[in-house]
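What follows is a group of structures, each given as structure tokens.
Look at the two complexes coming up: chain A is in both, with chain B in one and chain C in the other.
For the complex of A and B:
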């Protein structure tokens, strides 16, 4: 949560996150390079450049796999949310590991070309018309460019400037990039793999990503069907008795927007479910001292006016509410971000 | 100029235009459209790589802010439905790619004579 932008927003939790991540990368590279020649079929003599290239390439694949498992895991079980908290640093670190892999490859396999080494990379294999011997390098190039784009647009400024939905759409490129990495490995090193330890790690990792994404998507689809409403005026949300003090009920409106209706000190307030930072699910956060905290990155908002506490400046839309008997209804027309709405006493008739 | 040279030349031109956009946007533009950026300078070099890559989008967004055409309602409508498409496309794509890769694997005796799969590359060394 920023007042003025700074290069990197670190805090004690992020230091711990980054330290564990760096330790994990160091450990992976050590095991790959020095402790497991038998398991990973490195008993065949290869020079240090190729060995390093494989180590950093494998590390980048595993990191990307973990990153893509974190999202669905957090959607399936909130206990994984702390892993999501600083995933941005994880992604940036992955890019540096992937660039190192590419650097070793280009500086070894293409450095002795009479042409520019990057030109050599592009024209060394142009057999695009056949699967056997397909130029798998192109998959790696696409994935690397995509990862660089995502890392380069990861600062909070970009989220505000592009708007979270546009930013999110750009960052959905991570999925084609992952498929591209899978193709890079499948049509590349997998063709030459004699020892199958790495093959199993690769297939297991990719399968974990695919299965977790599928399970999370099915769960979210079921939840959406329960939340959805086609009503255009005063959408019924729930019965007051179903609400829990400090928590929200989420409603999916006909126009696709989500509203989070909170019970706070016996009164009802409604705000957009989408956080102004990354459109995180505010309705899954808890109210403390009238402020709801986004479960993704900790941004806070007053539920009566959708504003972050001073000196922060983030604002989200609010919604008008009314009750009919014990039923809670929301007006689907959002108020402009930061609009104060008088909380409605729970159970009051109107 | 061969195709590889043309691709790299295109990238250099794209990046050069991006550098001009970055210089103007980071010194003039962002102060006009984002109050959180005013008086904050140290973070700006971090934005240069992003602007080099997506400078047309930067110019378009800058125009939307300057012209007042940026609609607030659009900022709170995340593309969550895309999760469902991703949930199907990713596992199916992963399976197809890996199975294709495994089916292409060739194992033969070490002494077999190598066979050239395709013609010479566009430019030989």
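For the complex of A and C:
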């Protein structure tokens, strides 16, 4: 949470996250660049520029693969949510590694001619009508520019400026970008590779991303089916006895919105399940210091009015609640963000 | 749905004790995993072969007769320890450039050529120095060299740019290198066909377009692929020249 925009709001966990990330990336590059040539029994070494390009390209692919595994992993097991916390730094680092890869490629394969190297990148191979020999560079260019766009707009300023839904849609471009990287590698280096270790690692990485995303999506679909409700005036949420102090029950409304019903100090309140920051699932968070705390980045809201505590200004919609006997019911019509709703006494609770 | 039995991580607060073991294990796995992938991918790289710039030979200077195919060749008359007399040497400029503008005025004449040799097995090429120091007319009697027609051949293999193939880049062939090869060919660097079967004892043939022209740009789509083609082959000293019939180009599975 922030009141003013500063480049990075550092805290000890971010330092640890970035240190681990940099150490891993540094080790990957060091081992690839300096340890592996001694093991290779080549009569003459691969050109250093090609070797460097491969090291940074392979590293960017592995980083992107890890990044895309974090999301579904955290959805499948919330204990992995800390990996999500500072993922944007991981993404920005990946962009720098990918740019370095592109730099070595352009400065080597597309230099030394009488043409501008960036123009040469676009016209040297125009065999778009064939699979073998397809100009795989275009996939790399698309992926790189997309990653740069995502990194450049990763700061919270852009999320506020563009609005979270627009920002989120832009950042879904990570999936086409990853597919483009897969195509870039498949139509490029994979076509020439005689040693299949790289092929196996590449396919394994891409398959891990695909399978994890699929499993997480299926799990969410099943969960949505359990949470789904009819389009009625008052939507039943659960029995009061199922509520736990400081925690929530989530309900999927007929209009597709999710509502999180919290029990706080023996009273029930309902807020939108989507955090104003990155649409994090507020109902999967918990109340800390009387405030609902998002499990993704720790944004906090007063459960009675959906407002972040001063001096913060984030606001989310609230919902009206009532109880009928021991049943908790929610009005599916959301109140404007920040609207105070009198908490409903829960009566008998666990 | 939130769960009070689950440790709850908030980024700006110390990590819950119940999560610390798992997070430590993830950190160790991440760091060692990346190092492991770096090693596995680093040692999975294929051997780029023996081709290389032979800077270790030092600058080479030889004399011979300039021929244009239209790619410039030198039929060596006065060689040295590395480049014997009778050898036919393909000539290229620095980077992805050619020496045609300097070779055309000297066609059929004796010339002294100086530069760095590139060598891959029986394939070689000279990267000629810039200006007159690289290619200049030489005094002496001009011998007559034969061009022996070897007839029409159907061959299978790969069209490469001769300079990268000879060792300017390691690796210097294959589909991942196609754009670079095309750029060399656009720069009129001599293209080389690598035949799967030797033709009159040689697996490397300088490949040109039909009727004494450069390799047609329509053939660039076939560069770096396994193709079959037909054309007239002629022998110029120890170098074979293949005059491609572009209509016969076909990608092989």
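Everything below uses one rule, namely that the second predicted complex is superposed on the first by the 337 of 350 C-alpha atoms of A that agree within 3 Å, B and C clash if a C-alpha of one lies under 4 Å from a C-alpha of the other, contacts with A are read in each partner's own complex, and residues count from 1 in each chain.
The rule is short, and it goes like this: contacts are C-beta pairs under 8 Å (C-beta built on N, C-alpha and C of every residue); 3 or more make two chains touch, one makes a residue touch a chain.
Model, not experiment: these values are computed from the prediction.
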(message) Following the superposition defined at the top, how do chain B and chain C come out on chain A, clash or fit?
(response) clash
(message) With both complexes superposed on chain A, which partner does A:186 reach: first (chain B), second (chain C), both or neither?
(response) first
(request) State whether A:127 touches chain B only (first), chain C only (second), both chains, or neither. (result) both
(message) With both complexes overlaid on chain A, does A:6 touch chain B (first), chain C (second), both or neither?
(response) first
(request) Tell me which partner A:15 touches in the superposition: chain B (first), chain C (second), both or neither. (result) neither
(message) With both complexes overlaid on chain A, does A:340 touch chain B (first), chain C (second), both or neither?
(response) neither
(request) Could you tell me if A:116 is touching chain B, chain C, both of them or neither one (first, second, both, neither)? (result) first
(message) Taking the superposition on A as described, I'd like to know which of chain B and chain C A:169 touches: first, second, both or neither.
(response) first
(request) Residue by residue on chain A, keep only those touching chain B in one complex and chain C in the other, then list them. (result) 113-115, 120, 124-125, 127, 130, 132-133, 187, 191
(message) Quick check: in the complex, which residue numbers of chain A touch chain C?
(response) 11-14, 20-21, 23-25, 27-33, 35-37, 39-47, 50-51, 54-55, 58-59, 62, 66, 78-83, 85-86, 108-115, 120-121, 124-125, 127, 129-130, 132-133, 135-137, 187-189, 191-195, 197-198, 201, 244, 246-250, 283-286, 288, 293, 295, 297-298
(request) Would you tell me which residues of chain C are touching chain A in their complex? (result) 1-4, 6-15, 19, 22-23, 26-27, 30-31, 33-35, 37-52, 94-97, 167, 169-171, 174-180, 182-184, 186-187, 220-225, 251
(message) List the residues on chain B that touch chain A in their complex, please.
(response) 2-5, 7-8, 30, 33-40, 42-43, 46-47, 49-50, 52-54, 57-58, 61, 70, 72-84, 86-95, 97-98, 100-102, 104-106, 117-118, 121-123, 125
(message) With touch defined as at the start, can you tell me which chain A residues reach chain B in the complex?
(response) 2-7, 75, 113-116, 118-120, 122-127, 130-133, 148-149, 152-153, 155, 157-158, 160-166, 168-170, 172, 175, 178-179, 182-183, 185-187, 190-191, 203, 206-207, 209-211, 213-218, 220-221, 256-257, 272, 274, 276, 279, 313, 316-317, 334, 336-337
